[in-house]
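Two complexes, one shared chain (subunit A), two partners (subunit B, subunit C).
Then we have the complex of A and B:
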């Protein structure tokens, strides 16, 4: 990226405000081995539904109609392959056919193209279908030039959680252990759905503030059940929780590993000492106390666990 | 303390070929004798092998973890490991989870493995995953042949400085050996190009060729005296007609030690997919005559798997061929990788040639000490299918039965029908344990001599070879019984073997500005701290004079 990407496309994200170091440290400003003039050697395209602070950094801003990402991506794929495009469909996207052709032309001419996509793409109408479309577009562009796509992740060490869940369970999120082994079904086992349906009778919240971001029925349920929050500061969720345990700030007063959005691990070395325990220590002590209780699996009939 | 009595012992490194004798264990090692108070296992009617060693597998790190994310449909239909008081939950299948990986390896009698591809930049991730692979001992190879700092030095002929950098990088990644994948080709892939011929200049360089990278690295590794030689994944993997590239690579290695990874993928003739055929004979002939080389088979079995390799350009080709899912990861300045799920089918002539080629190499290479069993897990097949390959090697009739289902056209392109050799149990013990342990330079593994690590697999003697090797009666790791009649009894943490080659401390001053120029992280954050490697055990290098 730093050394090669001469076409950088941000789609459905606002890095200027949400990932402030992304331009300067990672993708846009740095001078690279094969891009000695840094920013001057790159073209930046921003695709979004509204003008954000990131527009100032863009060479080309493409404003599309809300909820039309999937259509735009599919039309781009058609243009890449030189197929017929229905003008009526183009008109619905809020862009002109010239703008789209120009973008495809730039994509094919790039030596190394990259698309970063944010939650404006992956969490709006179409959801995972949108992510799938942008990844397919990137894959198909490799018939012409080198092209990659990468998600812009949310707050905290979400990539780290994702990575570790994958190696221990095979799945990134939305995992149920209720049969004694990991099962995956987003929409059924993902946190927000469990809470909205009221399926859980306790919650342990670590490194997140669902009280600020989740839909009201989920928040109401968290307030109803015993909720425990581990956080260095008081959050919206701690206010509705039964227990709040103050922990040391990872990276400032607690050591650990952070995973960058591109899954590169970085060691976190604490600069300060904290009077509070680390998240790890709290979870370990809770686990030690839970461990001495009898194993509930032993008392379950084995047959129900061997479905597959 | 433990005594195993009455079993037939196969210990090729010490010349023991199926004699009935006692094996004694004290303090985690093989001992001459133990006292009367020792527990005794009656192994009458059973065979005793040194624990299996896998010289080339992919079980931990960014690439296999990406494959796990890409294949939830496989996780659903696979074996689930249910949590008990001794074992963690997990999933088997094409890309098993870390805990399941340890249980599955130990569950068939394998006790040591070598993770074959680690980029320095994400070595911390690999070591964190390896820590979660229980029971087995581990080592890993760091990827070097597309590292831009090393390539620049080789381009300028600065071999001495390149040696210092390589030594520093091995220690920085806490690796055990050096792996070269498609030398120059992965660097070229960052421009969407490949490097197919050894004498072609690598894209983006003036005169550097894959050939100079290979000889340069092999020489450096010999001079540093690493216990495991250069671990080479040759250029032009998987392509029809690539055997000439492989022969050239082997010739360029004359005078140096080298280990050729998954040789099966590099032994094809023909001009395109329609004319592709096996050229294992040419490869085996050259290999047999040159004792500086070792190899692992990279055998293929029919069925579903997911292919992952640092060979990015090849994976893009495979994606275009199959139209299935494709994941691509580029690791800045060092390497890249691609991931594509794949199904090998006997009705597909190319797949049939691949299946036969792996077996042909194992049968045509005369010295079993120099060829190890591998499937390049998960690329050719999953490691837990090794017993099926052992059955194919031990029974020519079984091979003929399998070939009966193949088309006449496929049979014309392979040599397997002509091969009658059948492996003995003694030879199986060599290719699964003694040989790979020797290739890795692990003197305490792969044999049952006094002082060796007490890693032992005890199998019921059985006509059904596949069943015999799938279900050991006992598996002993470091003197502790970990598997007993299919049940996991204990899940101790294995050790990690790490090498510290000698380098001049001034090399950091040279590296730092280069690093800050082209990487996006701080130099201090780059090396893996030794404390982050669980149960690390340092092994020595013996530098050449």
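Then we have the complex of A and C:
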């Protein structure tokens, strides 16, 4: 990407303020092997519903109507394939057909295109459908040139969570072991849905503060059931939890590995020594105590447990 | 004052995970984070090695770490469908342990990705 991507598209994100070094260190400014002039060799397109600070860094800013991401992506897919597009539907997106055609033209002409999509796409109306649409668009553009799409990850090692769960269970998130083997079903086993329906009867929360971010019915359920929080700080969630355990801060006083959003694992180099144990140590100790209790499955099937 | 210098330190505040930060720290706090952005600076400079919080809380009261771990294990073992959630601001090593625990419990494991 750094060496080849000459068309960089940010969709539903504001990297200038949320990922301040994304432009300078990774995607826009660096001089690459095939982009010797750095920024001058790249075209940057920003797609968003409002003008953010990132607009200044963009060559082209496409302001779309809120909640129309899926429609824009689908129209782009149609134009890529040369299909008929209904002018009434284009009008609803807030863009003109010329703007959309120009974008598709640039996409096809690019030697290597990349679309970074933020929460403005993946967390608004349409959610999974939007992510799916942008990934499909990227996949289809590979009929013409090299194209990729990548989510702009917010939290430090959320990419690591995807990678570790994929490696150990075969699925990236929303996994249930209630039958003794991993099953993946977002909507059924995703946290907000589980909590809002009241399906879980205990929760272990680490590296997150759902008490500050989740919908109220989900928070209410966390307060009803025994919730255990591991966190370097006493958080909103800790206050409604039965148990809070203070842990060392990842990367500052806890060593280990973290994944960059492009799935490059990096070693953490802590500068401080924490008076608290690491999350890893606490989870392991909880596991040791649970291990000696009678197993809930009479017959433990062959599972990923053997990996560890 | 003697400062420890950590070169090529890794910032885990956002998904960029920049690994070219130079940290200057005394025994208690990081005093300088070179090359870090504004978000990274506040991330590094606002976390200290002080004992700012009790080791553990049980029902809101201060408790010993060992007791808290025992109570946590008891709750999780008794549950029919425990949930292990979060995993974003922890190391891969901790994530691996968490998945392993979820499997042992016959529970659900999930991250911020599902939000």
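By our rule, the second predicted complex is superposed on the first by the 298 of 308 C-alpha atoms of A that agree within 3 Å, B and C clash if a C-alpha of one lies under 4 Å from a C-alpha of the other, contacts with A are read in each partner's own complex, and residues count from 1 in each chain.
By definition in this document, a residue touches a chain if its C-beta (ideal position, glycine included) is under 8 Å from a C-beta of that chain, and two chains touch if they have at least 3 such contacts.
The shown structure was predicted, so the numbers you read here are calculated from the model rather than taken from an experiment.
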Should the superposition on subunit A be reported as showing a clash between subunit B and subunit C, or a fit? fit
Does subunit B (first) or subunit C (second) touch A:32, or do both, or does neither? first
In the superposed arrangement, which partner chain does A:266 touch: subunit B (first), subunit C (second), both, or neither? both
Applying the document's definition of touch, where does A:285 land relative to subunit B and subunit C: first, second, both, or neither? second
Regarding the shared-chain residue A:234, is it in contact with subunit B (first), subunit C (second), both, or neither? second
Per the contact definition in the header, classify A:88: touching subunit B only (first), subunit C only (second), both, or neither. neither
What angle, rounded to a multiple of 10°, is defined by the Cα centres of subunit B, subunit A and subunit C, with the middle one as vertex? 90
After the superposition on A, what does A:257 contact: first (subunit B), second (subunit C), both or neither? both
If you tally the residues of subunit A touched by each partner, is the higher count for subunit B or for subunit C? C
Touch test for A:180: subunit B only (first), subunit C only (second), both, or neither? both
First (subunit B), second (subunit C), both or neither: which does A:168 touch? both
With the two complexes superposed on chain A, say which partner A:143 touches: subunit B (first), subunit C (second), both, or neither. first
Enter the shortest inter-chain Cα distance between subunit B and subunit C once the structures share a common frame, rounded to whole Å. 6
Across the two complexes, find the residues of subunit A that touch subunit B and also touch subunit C. 25-26, 163-164, 168-169, 172, 177, 180, 182, 257, 259, 264-267, 297, 305, 308
Parts of subunit B lying in touch with subunit A, wherever the complex brings them together: 60, 62, 65, 68-69, 72, 75-78, 80-85, 88-91, 93, 95-99, 121-122, 124-125, 128-129, 132, 148, 189-192, 204, 316, 319-320, 326, 328-333, 517-521, 525, 529, 532
For the complex, give me every residue of subunit C touching subunit A. 4, 6, 8-20, 23, 25, 27-30, 37-40, 43-44, 47-60, 65, 68-115
Which positions of subunit A touch subunit B when the two form their complex? 1-4, 25-26, 30, 32-34, 111-112, 139, 142-143, 145-146, 148, 163-164, 166-172, 177, 179-182, 184, 257, 259, 263-267, 295, 297, 305-306, 308
Please output the residues of subunit A touching subunit C within their complex, sorted ascending. 18-22, 25-26, 123, 152-165, 168-169, 172-178, 180, 182, 186, 189-192, 194-195, 199-208, 210, 213, 225-226, 228, 232-234, 238-239, 241-246, 249-261, 264-280, 282-287, 289-291, 293, 296-297, 303-305, 308
